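We call the chains A, B, C and D, going by the order they appear; numbering starts again at 1 in every chain.
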Amino acid sequence: MTAPLVIFFVLAALAVFGAVSLILQRHPIHSALSLIVVMVALAGLYLLMGAEFVAAVQIIVYGGAIMVLFIFVIMLLNAGLEERTNFSRLATYAGIPLALAVSGLIAAAIVRSGGHLPAPAPSGALTSTKTLSMLLFTEFVYPFELTSFLILVAILGAIVLAQREN
Amino acid sequence: MVPTNYYLILSAILFGLGIVGFVFKRNIITLFMAIELMLNAVNLAFVAFSQSLGKPDGEVFVLFVIVVAAAEAAVGLGIIILTARNRHSLNVERVDLLKL
Amino acid sequence: MNEFLTHYAFLIVPIIKIAILVFLVLTVDAYLTWLERKVIAHIQARWGPYRVGPHGLLQPLADGVKFIFKEDPMPAGVDKIAYFLAPFLTLMLALTSLAVIPFGPQRFTIWGYETHVGIADVNISLLVLFAITALAVYGVALAGWASNSKYSLLGGLRSSAQMISYELALTLSVVGVLLIAGDFSLRGIVEQQAQSGKGLVSWNIFPQIIGFLCFFTAAIAETNRVPFDLPEAESELVAGFHTEYASMKFAMFFIAEYTSMITVSCLCTILFFGGWLSPFPVSWTFTQFLPSVLLIPFGLWVIFDGIRYETIFGRVLLPGVGIALLALGGALLAYPVVNGYIQGPFWFFAKVFVFLFVYIWMRGTLPRFRYDQLMSFGWKFLLPVSIANVVLTSVAILIWGRH
Amino acid sequence: MPTHEHLRLILEYLWIIPLLPLLGSAVNGLLGAKWPNKFVTGVALGSTGLSFACALEAVREFFADGQASFRKEFFDWIIAGNFRAGFDLQLDQLTVVMVLVVTGVGFLIHIYATGYMAHEGGYYRFFSYLNLFMFFMLILVLAANFVLLFVGWEGVGLCSYLLIGFYFLKKSAADAGKKAFIVNRIGDFGFMLGMFLLFRAFGSLDFQTVFAKAATWQPDAMGQFGTLTIACLLLFMGATGKSAQLPLYVWLPDAMEGPTPVSALIHAATMVTAGVYVVARSHVLFTHAPTAMYVVAIVGCATAIFAATIGLVQPDIKKVLAYSTISQLGYMFLACGVGAFGAGIFHLMTHSFFKALLFLSAGSVIHAMGGEQDMWHMGGLASKIKVTFVCMFFGTIAITGFAPFAGFFSKDAILFAAYQSENSGKTLYGIGLLAAIFTSFYMFRLVWLTFGGEKRYDEHHVHVHESPGSMTVPLMIHALLSLVGGWFAAPALGNGPNYFADFLAPVFGNAEAPSSQTHSLELTLSIVAVLAAALGLIVAWRMYSGKVVRGTSTGLHKILYNKYYVDELYQATIVGPLVWLSRNIFWKVVDVGMIDGSVDGIAHGTEAVGDTVRHTQSGNVRSYAVWVIIGAIVILAIIFWPLWRPAFFVAMSGGVR
């Protein structure tokens, strides 16, 4: 069992643990914290795969911005414990098994399709920030601009939504 | 080295847990988190593929996904705030006016 | 024994380095508090700490002891996990952020393990740094939320909002430097500033003056220091997010704050003031003796000051310290070889000290912002300016190329 | 107009002739409501008059072309597979006669109507309808295929319905309109079946092709019901409907509810003759179906005598004329039935002249009497309204068949043809002659009751006055026509040529070329006919000249007076049961039960389904999430099926391989 494998399993366990606790925790803040754990673990996995830039962005954007936003909102709304109502019989009985079925399908499909792939090699050259930015500004320039536009729209939408009408 | 499949399976598991959360949770904010979890799982698969195939495209997609997630969070949380103000509850099962 | 070391050097050496760094940082933090109190006191025409040890030099120790032995009450209805997690998280992140900072140019091998001055040498160290500082928000937010107190909650809200807001400006203001350096690693940035051996002139501060101002302002806000210390505005929120914390947990926030001050100072130094580079052109070799030469008058002054000190303890201790300094300076003069090694750290810490002093100085002089002022300043002034800076820089680079 | 010989001005644009009345109708119908009457008059008369002029020009060009039958396909109307129905018009000798009759008589009657209707409400409506009728009638006679002919056929039916029910506030009028329409439906049903049969037999409904192919067929034997026979009988069924023959004549007497010009134009001169026209037009088919011919002859003959007998006792002046029309139409069919199509058409023309004349005169009388139609309330009008009297008298002489009036020649020709017919010709002739006697009787009865004797009406209420010129002038013209209208055939008596027959010969072939040995016979027969008319005249004179009183009707008279109770019979046997069926089965069971039931059932079913399905719309996000997941499972299964199929088969085959 080589070092990377160990690291992988540790991080994977961390991620799964975080995801499970995200589900089981009853307080949104705790769920949020669990999710942060997941994200950090994933960032670690990216680093393990040699995708440093993505890892950093993952932490900065997801960890530093999005999740902060979540926690901020939770604090703002002063959300209390989650009340476990069961108004939806469908979801109560069929929900979990179906969800598991979907994940099983996906897992099976992924394994079948990705079985023959070579192991991801941490090659700095491949995913150096330069390469990514080159791609981003040449091949994917239109999607890139689109995303910027999307962000703009999102900002406007958020402002419109959040401001109290006066 | 870690086989690609491990990453893929992990991402599948995370995705499934995300779905489970989406069905299981009642708090609307937590639902959002479950969605984010799914997105992250997808990202993991993306990165794994791109790394093992030696193509950086996958990571570019990851960046896009992150951007979209950010936008979604911004708007979605705004909506959540409004909902909470109007309905005085964050429980999605109590926000069920959209029915006959 | 030896082959064991060579085999596990990749573990042992970093651990040792980390230990040293942590010890250093904690000490510096402690004496930073002493310095702060002294400076502010003198700015306000007071004496400041004076009782414990000569010039209150032992005050930090006293404080430490007090922190350790103080009772630690926990308010009712707190969220335990978050309540405990918050300070640890904050301190941990603050300390971790120092890990990627290079303190000197030298690379040397211990037990066949090649290393350098500094813990980790990542080629995207700046990004890592930002990543870590980004997470720092959680400490504050959690602390504010967990301690189940209105003051804390408001403080936490304020500071998290403030941190998110200024993080943008912080990141954007650095982009100019990155454009010039074309590299994410701090070491690379410093070396880029060293390329033209003309010293001071080739530092980033000159092309990036706007960037620097934005960065420093945003950094102050990030560290919740005056004039942006809204989270702990005594007059409004008692002590903000750490109102409900006492003894060691409070100490952790305290240490974390000063550590992040240090980090920011280091960053400013590296990004804009050429890190460990001496301000003089490389050709002036004699400047290598500056550190040692500076030690001697300093030592003399300490001795002189100590002889006429009030307490016996002082009269004994201070001259001793002075003599030690004199000896050190002499030794350095005697063995010029060492100078080469000292140069980098010396200049580095000198610059960092200046920034820390500026921090304290500002605290002593500037009034606090109002919350809305803070926000509008961050969003409506700082952010646009840093964006403009990015644009200007890239245009300039387009025109003249990297200088 | 000065035109070059072979410059076909109108002929190439034959559609102008029917189009003009249509335009007039449209203009009057759409705009006339706001207009003063004189505008409407201008439009109506202008359109019909122009149409008449165009017809004349067309005929002139037709003659200029040496009477070459003209045919032109203007545009395709329906094309489905090998079926083609085009807007094709044709002009041959037969059409020439019909077009001239329709436009000419129609024009005159329009003029008359302007006077007659002057004080009626819905003036513009009346003329709009009347022009529309002209349009459809012209289409009918100009059509070069059965489909287009049928358009005209139905169109004139529609117009007759509209015009009979012109006073639609009067229930009797509305009912009469409906009756006419429905009875015609029955005939049209047969007509359509006939068309379908023809199409099935010949693969086309174009006159040229149909007749050309039919001519090559082996004629059916007498008593044999081949395709042609059946087709002819079906067509004839339509004809009986339109031309008021037994047993479908019942609508025509009631149609007298309409304004008198309408009765004159539609129910005497033109429309009712459409049946005769159709039979004559498709004479090729009929000549190949002797059985059908025989049926036609019998029906015609029966109708002639039947209607005549009813006419003997009717008190209503227009009713009398109506029955006389029916019986005259019977004569025409008799002619066709015995193969004397030319004679039939000849009688058609002359009849349109004098019957129109009679109707118009009757209308003038009614006008003078202020709407009074019962002859028992008239009398002694001769001195009051001389013009009308003279015209009426002319018409009477013409119809009763005194030489040298029009009716003499045409009726004589028919009777002669009947006499010559090989299958039971003598019988037909005898009945025809009897009908002729009756005809002259009731006509002179009418004349004496109306004009002769002392007046039986109240002076103080009725101010008898002569009609305006707009009415009397057409009367005179018609009187003239009914005098000279028959002289085409005059030379035939003097062993000369029968111009009319010769003119139509290209169409009908020389069916009845007068041979020398039959000539003397024809002469004697005509003399007999005149004597018969005289007999009727004498009897009428004995009975109705001088003082007359309305006797109580008993026995035979009663039966005749009540028209053999045919209407009551139909009411009892057909209408009653039908109404009962419609009300109790088709309405209460089929419509309410089945149709409405099914529609409502669909609605209720939808409602029920929605009621159950709507529960999926719980508004609960978690339920929706589950649905999304189900969808995802399905999609994944579809996408990855090819991926898993091998494994699946392996599993099925017990994991071998």
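As a working rule, a contact is a pair of C-beta atoms (placed from the backbone, for glycine too) under 8 Å apart; a residue touches a chain by one contact, two chains touch by 3 or more.
Just so we're clear, the structure is a prediction, and the values are computed from it rather than from any experiment.
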item	value
Distance-to-centre winner among chains (Cα means, whole assembly as reference)	B
Computed distance of Cα centres, chain B from chain A, in Å	6
Distance between chain centroids, defined by C-alpha means - chain C, chain D (Å)	115
Distance between the centres, which are taken as Cα means, of chain D and chain B, whole angstrom	83
Mean-CA-position distance for chain C and chain A (Å)	32
Numbers and ranges of chain B residues touching at least 2 other chains	19, 22-23, 26, 93, 96
For chain D, residues that touch 2 or more chains besides their own	618, 620, 622, 625-626, 629
Numbers and ranges of chain A residues touching at least 2 other chains	53, 57, 65, 69, 74, 76, 87-88, 91, 95, 98-99, 102, 106
Chains that touch, pairwise	A-B, A-C, A-D, B-D
Touch list for chain B against partner chain D, complex	19, 22-23, 26, 28, 31, 92-93, 95-100
List of chain B residues in touch with chain A within their complex	1-27, 29-30, 32-34, 36-37, 40, 43-45, 47-54, 56-57, 59-60, 62-64, 66-75, 77-82, 84, 90-91, 93-94, 96
Of chain D, residues touching chain A in the complex	618, 620, 622-623, 625-626, 629-630, 632-633, 636-637, 639-640, 643-644
Sites on chain A touched by chain D in the complex	87-88, 90-91, 94-95, 98-99, 101-102, 105-106, 108-109, 112-113
Residue ranges of chain D touching chain B (in the complex, touch as defined)	614, 617-622, 625-626, 629
